[in-house]
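In what follows, a single structure is set out as structure tokens and then discussed.
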Amino acid sequence: MRDNRSTRFAFQLGAVVLALGIATLALLAAGAQPIQAYRNIILGAVGSWDVAANVLVSWVPLLLATSGLLVTFTVGLWNIGIEGQITLGAIFTTWALRSLQSSAMDPALVIILAVLAGMAGGALWAMFAGALKTFGGVNEIFGGLGLNFVATALNLWLIFGPWKRPGVASMSGTLPFERALWMPIAAGSSRLTPMTLIIAVIAILAVYAMIEGTYFGLRLKAVGKNQKSAYILGIPTWQHMMSSFAICGVFAGLAGAVQVTSVYHRLIPSISSGYGYMGLMVAMLVGYKASIAAPVALFFAALNVGSIQLPIVMKLDSSLAGVLQGTLVLFVILGQGARGRLLKKAKVRT
Amino acid sequence: MTDSAILISLAGVLAAAAPVVFAVLGETISERAGVLNLSMNGMILLSAMGSFAVALATKNVFLGFLAGAAIGALISLIVAFASLTLMQSQVAVGFVLALLCRDLSYFLGNPIMGQVAPRISQLPIPGLEGIPILGTLIFRQDMMTYLSFVLVILAWFFIFRTRPGLTLRGIGERPAAAFVRGANVNRLRYVYAMIGGAIAGLAGPIYSLSIKAGWKGTISGLDGIGWIVLSITIFGGWKPFRAALGCYLFAILQWLGLVLQPSLPSVPSQVLQVAPFPLMILTLLFVNIGNAEWVERSLARLPENVRREIAKALRAMNATPPAALGVPFEKE
Amino acid sequence: MRNVSRIFLMLLIAVVVGSAAFAQSAPPAAGSNLTIGLVMVGPYNDHGWSQANYDGIQYVLAKVPGTKLVYIDKANSADRPGTTVSQLGESLVAQGAKLVVFSSDDMTDEAIKFAQDHKDIFVVLTSGSQQWKDGKDYKPLPNMINVMGRMEYMKMVAGVAAAMTTKTGKIGFLGPLINDETRRLAASAYLGAKYAWVNYLKKDAKDLQFKVTWIGFWFNIPGVTSDPTQVADDFFNTGFDVVISGIDTTEAVAEAAKYQAQGKTVWAVPYDYAKAIDEGKGVSLGVPYFNWGPAYSAVVTSAMKGTWKSHWEWNAPDWKNINNPDTSAVGFKKGTLSKAASDGVDTFVGELGKGLNLWKGPLNTQDGKPYLKAGTVATDQQVWYLPQLLEGMQGQSVSK
Amino acid sequence: MHVELRKIAKCFGALRANDAITLTVPASTILGILGENGAGKSTLMKIFSGFYSPDSGEILLDGKAVRISSPADAIRQGIGMLHQDPLDFPPLRVLDDFILGRRGGLIPNRRGAAKEFKELALRFDFSIDPDVYVDTLTVGERQQLEILRLLWLGARVLILDEPTTGISLPQKEKLFATLKKLAAEGMTIIFVSHKLEDVEALCTQAAVLRQGVLVGEMLPPFQTKDLIEMMFGKEVPLAPKLKLEPGKSVLAAKHIALDGIRLQIKGVDLEVRAGEVIGLAGMEGSGQALFLGACAGLAQPTEGSFCLDEDEHDMTGRSHHDFRREGVAYLPAARLEQALVAGLSLTEHFILSEGMKGLFIDRRKSEELAASRIALYNIKGRPDSAVESLSGGNQQRALLALMRSPLKLILVEHPTRGLDIESTIYVWGKLKERCAQGTAIVFISADLDEVLQYSDRVMVFFAGRVSPPLDSGKLSVEELGRLIGGKGWEALQGATEHA
């Protein structure tokens, strides 16, 4: 067997087929018609302009999270703490909006400041994990996990404590902001905000350009591939690791800010919506390369939104979307390994 | 609160910690062999759901527990296969499985939500339950809580006192040396990953067939336990007694959180609940900080005896992970 | 840059149009057929709040000809990441729903947004107070109705059952998170318990302990909230022999059953779903529950007939028969009660029906400050927006 | 045990690591196997101890042909191997380490094992506490532990790979005494080393390997001169020696003390002048790499100071990047592990090391730069070639090409290791060009000719001992070989104390 584009493609196709197979088995186990289920998911994602718009709404934070993660993956770090970074981004955005909402400032300016605050919040939380890693030697996976929980607790505390709404404080979150403080919604849609789409596209392009086209990106790559050599080549390694954390945090914070200013318009308990973890899955699926992150993230978002039809139409649990995403990533990873093994064997034989 | 009430509460703490003890010890055994199983969170959910379903269908609690162990072993097998045979990142595979198994448990468990299956009950040990203090604390528990006590001792005994346990430590610390001494490193890693998985898998049924009997999908109150388990494993320093201590500390913090609620109104209720995580981070910090380059740099110029003392203090934390954790082994 | 300004222009238009919408009238009559959309916060089969709502709509389907149901459950951002409740409502509209029931107060903001965006759809927001003219959150929306049952009464009944049963004089209340609603329900249970303790059992009010422990959320999230199982255990271990649950999930009943199996005499009171009592045979004293059917039937009928009018309703039980499925908005299903306790409950319900009001001064809040002066009766606002627990109750009043 | 190796051959790709090696070692023999790095000693021993199976040839134990399938199988057949870095378990207790690998019941008889351990230890006069952790032992003690363990497991042949690296003199003496005692009891001992002194002091038979071939055997009394000649072969024709007048001071190392993993060095003084070449000679792991790294800021001295330039610019405690900014280049021996980034192209390496300013990579400019450097340094590769696809010689050329100019000081480990003669001459040509521009060079080499040929002054490292800089013009290959092998140090004036 040779290592070329077609064998790689064959293995990826195999992963997709296997993932579909597992999901189909799960559907059959639940006593459902698989074809009908897939049809409903597809219709639920692209069946109308409205649902397609919902897919885009969900695509934005997912793509932002993925963009950030591509930076940390480039430098060889597993930033599992991204959920907390999104949450902190949302908290900082909410804080800024709350502080400025009654001021005489132009709402557009308030939104911009709030989004910037969110980016700073995400970066701060990421640097925390980064500092634990670079100065304390704490593995970023466990540091990040811990910080995720702390962020969740902080968020809940704010929602039910200092920032509780007048009247009935609830899971619903803090009091929604005035419409003037919402990101502008596209005409004809109830929630699509073109501005965030632009932000997301810029983000992934920026990350792509940064990793593939800048001196900084090249240095990140070098650190990610071989820290020792990178250091000898004159690259300040820990500084680059910290920067990559900070950059990822900025994107994560941006995702949190988008959640607050354009999706929920308030702070809610699970504000990160699992986009961080899903972003990790997307990044793994695309092999940590920015070039195809956008369409894959779109696919994941479409699965998420489309799967809502399952409970409505077929009385099935929509977590099938997660099953499909998970098996897909799992089989791609297993496929990579299998391919590697077969290639090695082939090499030994020749 | 009377003394005995505190004792009864502490007995409750011991019971509440039982599933965590199982999961942490399972993970400890797996990591001792060098296999980091990050899938714990999904694994516990899936085994809780699966064992509940089996117990529901067969009306047999024992089969339910068996199913839980089997699910745990199976998921660990996937992690082991992907990392040991296919040489893929344990972190990546474990993480994917953590999410995948969670969603799978919600999807497959949807039809059996809220149903009532058999559950295990308290089993006071006649004769022993009357012993003052200990009787209340230890001998009026259910079967799995007793087993959790036994498991701690057993795991400690196995790891630190038996020949295979010694080899287990060896393959996690220095697989090359273990190989030279005749250990089939990868096969043992498979075996221990699956044994660890089966033990950790029992945490699921302990929840769904005992202390949080039932399956309620997303509101079962189990999502997140697995991440806590991973934290405690680190806190436990891969030693059964210290790990068990971590589990009890976690359960006590939870309990204190609600006991202190009225008397410490100024402390947000979330503080004690999330306490295990900062604790874990601090543990990691103390353990690892000595290896950090800037610490080494600043220590280098200190007088030798001071350096020795600091090194000794850092060493006293003594919770370094198995040296070959997550590192694949290939004999030359 | 031009795009940006255009977007801001759009925003401006949206805001103008949005505010103009308040002047518009409710949607026209729906006619003889109506598809109802139901959005539930938890699983439809959760044996709790969501299932009570689901059963309520099932009642409508049986009683009101021409109605159909489409529903979505687990409508919360943890279970359905990346979705909003208003978006889920739209999915139901896409399936033909003309009336959408948002069955949780947690959906308030999204329901408002949905109602504003879809003026042709009838919106029911269960347990909200936005259409209450005298409420603090009044936000007039012609296509929205708020529905709620006066659970306070049934919590009082639960309190009576608890007080008549407890041997130790210690009653625990397993609370979710702290807010106005949960405070007033906990306080109601306390008022009922104290009333029975003093008036029926002729005991000193000082000898009654009533303690509230909050877990911090509606259900357990490991690492974030307290564990309700532990809370219940702790109550039972510290001499509290009755635990009244303020959360949907049934940990209190499950733990009471466990302790009973060990030969302890403890009981629990589950919450808000009538059939929850089946889960704890022998340990449940009874369950205060919601019966959403009648109220939902009324609003659905009004939408079909064209008599829809935006309003807020807080429905009282049918005192003639609080368990009448066709007339009573809330009820109390008796479980394992002693003869005396059962009689006490009946007497109490009778007295309430005759006009007994326990929300009557003198009542102090927990910090000792007067809440109601002697002789005054609390207004609906005072009850709905209870600022603290009442004097005599232990436990946190305000979340920190 | 009588051991015979017959025509053992092993290839790794194109490299003939062992070429039909035949050796006979009678019982009670202590055979010293000598050879420089890459001579094939390790491969031969790994075949003998079950790590590798030979491509051809056979192994006879007491006249019987055996197949050794794994290291564990080797010890079952009585062959015990003591690795240079003892293959033990640092986080375990001594007794646990001792027991691990010994077959038996579920629960090991710890008391019995402890008793036997103590008895064995007593026999050889080792004092190791079985209850302490292995990582608190010195390397010498860890070796003792391994020897005891292998004996306990029934080893009748003992292979020792460079056992005297990193152990103290008394420990070495004890080790030798032990080995002699064992040999007297009928044990066969194979002692792999490149230290002449050790072989001469210990062995009853010596064999020399060079480039995979057994070049000679010798019985005592050993002729040092002959052994050296066998080990290092004939002289390589090299470029004529350039003698530059040393310029002003570039680097001053004053009383440097360093704490390595295995050894400490103390009180090293060295002043390097512009245009000067200093060779650091010594067997691998004698402290020279540690010292070179410290000169680059990669290891921190525990005592003493480093100063750059004539104005005594103090750089002690500064990072490698500070040294780098001052014009110090460091070229490690492990090129792919420590100097080049596998997965990146040549162009990308040039971009990185140039430290180009700006945001976006100027592709054209950097490709031009890469193309010109590739041409200038005669690298066989394209600008977009991944560095790992280059041959060793071309990787070394790439490393040279990556150096910036001007430079004050080049620190280089094994500049020509693994290179053919042409590349060797080329590399030194380029380095000498730098000298002519006023750059000083400090290099490590195991090749004595290279050291003598190119250095102005030589420092010899031996197990923590460091000689003062010696004038290379006054040293012969033989003298240097003796010093490296640990002989003739008494005559040196100013050599540092043994640590």
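Chains here go by letter, A, B, C and D, matching the order in which they are written, and residues are numbered from 1 within each.
We take it that contacts are C-beta pairs under 8 Å (C-beta built on N, C-alpha and C of every residue); 3 or more make two chains touch, one makes a residue touch a chain.
Model, not experiment: these values are computed from the prediction.
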Intersection of contact partners for chain C and chain D: A, B
Of all other chains, the one whose Cα centre sits farthest from chain C: D
Rounded Å distance, chain B centre to chain C centre (Cα mean): 38
Interchain centroid distance [CA atoms averaged], chain A/chain B, Å: 28
Euclidean distance of C-alpha centroids - chain A vs chain D, Å: 48
Numbers and ranges of chain A residues touching at least 2 other chains: 149, 152-153, 156-157, 161
Where chain B touches two or more other chains, by residue: 110, 217, 224, 227, 268, 270, 273-274, 277
Overlap residues in chain D, where contacts from two or more other chains coincide: none
Full enumeration of touching chain pairs: A-B, A-C, A-D, B-C, B-D
Contact set on chain D toward chain B in their complex: 46, 51-52, 70-72, 75, 81, 87-92, 96, 99-101, 103-108, 259, 300-302, 317, 319
Footprint of chain B on chain C - complex, ascending: 42-43, 45-47, 51, 74, 78-79, 211, 213-216, 218-231, 233-234, 237-239, 248-251, 254, 258, 261-262, 279, 394-396, 398-400
Chain A residues within the chain D interface of the complex: 209, 213-216, 218-219, 221-222, 225-226, 228-236
Residue ranges of chain D in contact with chain A within the complex: 320-321, 324, 330, 332, 336-344, 348-349, 351-353, 355-361, 402
Chain A residues within the chain B interface of the complex: 26, 29-30, 78, 80, 132, 134-139, 141-143, 145-150, 152-154, 156-157, 161, 238, 277, 280-281, 284, 316-317, 319-323, 325-327, 329-330, 333-334, 336-338, 340-341
